[in-house]
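Scrolling down, you'll hit the structures one after another.
The two complexes that follow have chain A in common; it is paired with chain B in the first and with chain C in the second.
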Partner chain A sequence: MTVYSKISEDGKQLTISIEERFDFSLHQQFRAAYHDNVTPDLTYILDLSKTDYMDSSALGMILLLKDHVQLHTGTLIIDKPNDTVNKILEIAQFHRLMTIT
Partner chain B sequence: MRENKLLLPIAISISAMILANHVFLSSASFFYLLLFALLSLLIFLTYKEYTAIALTSPSNESKHSAVESKLIHNVIFELQQFLHQEVNIIENELLRTNTLVNDAVVGISNSFKSLQTLNEEQQQMIKVLLSYSTNKDNDNGINLEKFASDSNNTLEDFVNTIINTSKQSLKTMNYTDDMIQQFDGIFQLLAQVEGIASQTNLLALNAAIEAARAGDAGRGFAVVANEVRALSVGSTELNEDIRNKINEAKDIIEKLRMSVEVMASADMTPTLEAKDKMSVMMEHVETANKKTNERVDELSAISPQIVEAVGLGIRSLQFEDLTRQSLESLQMNVSSIHSISDVLEGFNRDSNNDIQLQLMKLKEKCQQVYQETKEAEDSRSVKQLCMDEGDVDLF
Partner chain C sequence: MPSSKNLVLIVDDSKVQCKVLSALLEEDNYRVIVANDGATGVEMFITHQPDLVLMDVNMPIMNGYEATRRIKAMSGVGNLAPLMFITSMGSDESFINCVEAGGDSILVRPFSSAVFKAKIKALQRISDLVEQVKSLQHEQKNDAELAEKMMSEVIESRNYGLDRIGIIKKPAALFSGDIQLSALCPNGNIHVLLGDFTGHGLRSSIGAIPITETFRVMTKKGFSISDIIMQINSQLYTLLPGDLFFAAGFACISEHEKSAYVLNAGLPDAYLFNEQADIKHQFSSKHPPLGILPEILSDVQLDIINIHPHDRLVFLTDGIIEARNQEGEYFGSQRFETAVKEGVIEGDIAKNIQKKLADFCKNTEQEDDISLVDIPCCSWVNNNDITVISSNLSDELSELDNSLSIPLAWSYHLHLTGKLLKNTNPIPLVMNQINDLEGAGEHWQSLYTILTELFVNALDHGVLKLDSALKNSPEGFSSYFNERTQRLNLLQENKQGNAHEDFVRISLQYYPLFQGGKMLIKIKDSGVGFNVLKVIKTNSQLLNTGMSLSGRGINIVDQLCDTLEYQEDGTLVIASYIWRNKQVLD
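Coming up: the complex of A and B.
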């Protein structure tokens, strides 16, 4: 249950990785990972490849991240969610809102 | 018989002549005499024989005619009896066949009508079925497809509500976190206020010391210094109270955080399962609907075929007319035979009448009946032909 964030060398890409459970307990860490970054036109990559559980608060957090990204004219990409997580994203119809690879 | 009698004298005379020729070869005149005598005898015998035949002939003929007339009467009687019986049987059978055909036709006709009615009812039912399965705007709640799609929409709305609730809760939580940061700022400010109070206290203490050193002149100032000290102590206590209150608020905010966590964190697994089930159900409903529609379509396609088959059956019932015509024709033929039979009966009744006259009458009757039957048959054949041509259209 850890949040890692990393800015790429060229400074154009912010990667946030979530390990294991993505739930309410992470909300402060998750927000902290992007909240102070106000660089415009940044690409935000939410790496969910190591996430094995996600509840509705995670969806809420992603939507808040989406709001933040839109506010700073960036792009949000959700990266490599596993089948279960992807199904939840599908139910939430996130495919219409953002890019999921 | 007659020829034998004639031949015998000739044979005898020729034999005698040959014998005499042998015995009396020397005397030619005797031979000629004998030949003459024999020829005379032969002529006489021949004449006698012819006369006898001429005498016996008339009586023989009359005897012969009587026997034949009686035989003819007997034969004609038997023939009339036979014809009468056969014709009666044929008439009865004709009547029976007519009744049977009529009954059968009525039965089949009723059966076809009932089949037609049933088919109409079935078609109505199919129409109702079709309207149920195809009418998308059916408000009666019978449409399973609509129900499934509504359920799916409801589930989507539910998911959206959950996510929005989570989002708003988290937003609230973010604001709360920001607020807590503000609280920390307040604590820092409070610390500064506390520092001021402590310095004021120290200042008041110094003032009191200075007032004591001044003696009576400083007595009033000592009172002021004491009051200032008391104020600083009060200020410190107030500060502590504020800190405690803010800490209490922080505790409450922790409770709020837990409460919001419960609100924001919905396990999506049951929703996921529900969604999966819904998809399976939707698929099932779709398949079932498709199959039902296919079958209903097939059913509605069969109905006109049944109507056609029933129509064909009803048209086929026209065989009754043809059969009746055939039976009527047969009836006529039987009547013809009957009329002949009647004439034959007259033979028996007037047995004393001249047989030749009666035979002539019979012959005339036969010719008349033959002509009538022939004409009737010809006209019937023409009619039948017309009927056959008509049937091509009907069948």
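Coming up: the complex of A and C.
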């Protein structure tokens, strides 16, 4: 398992962390990490600080997460991508679509 | 009960056993063949391709485990048959050995005939499934090959200028998620697209066909590259599921304007190289890939760059930069740039990059589609593309025109004001009307050029009062374009309460001739006009000395038209265009 998800103590924040490679093989796990959570106004943090590599299907998976977040009026934050991963997000101009910190 | 007579291979050294099992199987309508040792069993498996195999363990020459291993080792998609061991050794160890050797089931003696038949029934179910998978796989392979063939037929083979564009296309699967398109605009500009759908394989190439059609049809009708980008984006936004998108680079290369218009939406940096393979410009991604947002972000502009005839524009997908070698190292942009440099010296960029990639990756499996286009920035328009009517012919036709009074077939008027001038390109609209009325024809290409040049002149110099002298430096075109955008925006804001209304009026009159036709074009603008004689004189002087970067447009129009004149202080231009039907020329 390289996808971890955790709800904060106050119940207002869901953190999903991805370790090592973020690619199509994580499709099911990634979806499972947020799909059943329908709490409104939640802050979703996608922690990429431990992600070494990300491919374009991962970008697609992030877009699906974004759709889910919007549907439940939440907020999505992409957290601490490393340089390699950030480069991929930059090429795809994802900072135009969501918050990247 | 099997519908057709299925074949069972029994491998057992006891002839009595074989007889008993055969009898039971024949009761259930099976055909049976028998081998009395492992080696013969393997041979018979190869020659008869049975549907089921029953295997004893202890046999002379070759035992059941070894025979099973050999049979399973050569079982591919085409000859997969379930195999059951029949043994009197009921220990855990023998059970495990049977499975390890490749057995699908085990039946321990003694057993009743009812149990045996039940076991065979279960095995038959597996065998039926295997059959089904086999035929599905076969069907899918055929379909995929057919679809792939059609796809490349539709997409690649109809590209323009294939002999001049350097291309790399190496799909990771049978289908490529990357597409490469090129098409010629009616005015001689060239449009190029390199795109990469998320993922690879059939799923990602399905969007390629609608995009290809849009790109070709819109280019042919004379739409600008930004119109095409907007259309493709909204098309993909509606078509694609949420996680599928299209990273793409678009370019319009205009030799006439010595400029390239580029948008990189989600691809790695694109490059403009000069003759020495120095990087003149890098086009980084400015926009998210297409198909994600319902509309193109309004603040994103095309990059406009001046080009020289020997420059080359290169687009590539991430498959090149992210190709990995055995050590997991990436090919990277540094190696890419070096490979381009060597490629330019050797005269073939695509070939050298492919070679360097192969050397780098050695035997590692290709993870993503790899593609690149390398587009030269010159000599796109050859003389065959623009039909210029010989002067003799047009004289003859004019005489005809004058001597007989030719009836007007139809006329068409379009009056564009204020805001519409900013947002509409009327020329494709007009051309569509003409195509609808008179059918398609090659002679419309020249008409398209004439209309575009005259309309742009009326808008730029008449309505917007831009001075083409702005273009008279190598960097001038960009500043001209910026100024133009600004003034167009003002048009919109000043719309209300403006006593003087900005407009361009296009009117067309069509006279059918015996073997062709004549189009009388009038374009009137709201500008203040210009000193016709002086401008034409200066223009032709500058053109003759090769000093001017502007004025080429009107020169081409003059060549294409039968007559061209300015009236009403230069605010009205009247051109007549005459053509003969193609078949008559041939």
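What we mean here is this: the second predicted complex is superposed on the first by the 100 of 101 C-alpha atoms of A that agree within 3 Å, B and C clash if a C-alpha of one lies under 4 Å from a C-alpha of the other, contacts with A are read in each partner's own complex, and residues count from 1 in each chain.
Definition applied: contacts are C-beta pairs under 8 Å (C-beta built on N, C-alpha and C of every residue); 3 or more make two chains touch, one makes a residue touch a chain.
Model, not experiment: these values are computed from the prediction.
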Combined model on chain A: chain C and chain B, fit or clash: clash
First (chain B), second (chain C), both or neither touched by A:92: both
First (chain B), second (chain C), both or neither touched by A:77: neither
Which of chain B and chain C A:54 touches, first, second, both or neither: first
Touching partner for A:24 - first (chain B), second (chain C), both, neither: both
Stretch of chain C, among 96-104, 240-248 or 456-464, that runs into chain B once the two complexes are superposed: 240-248
Residues of chain A that lie at the interface with chain B and also at the interface with chain C: 24, 55-57, 59-61, 63-64, 91-93
Footprint of chain A on chain B - complex, ascending: 156, 159-160, 162-171, 173-174, 177, 261, 264-268, 271-272, 275
Chain A residues touching chain B - in the complex, by the definition given at the top: 23-25, 27-28, 31, 54-57, 59-61, 63-64, 84, 87-88, 91-93
Residues of chain A defined as touching chain C within the complex: 24, 55-57, 59-61, 63-64, 67, 90-94, 96-97
Residue ranges of chain C touching chain A (in the complex, touch as defined): 196, 198-199, 242-245, 247, 265-268, 284-289, 292-293, 297, 318, 368
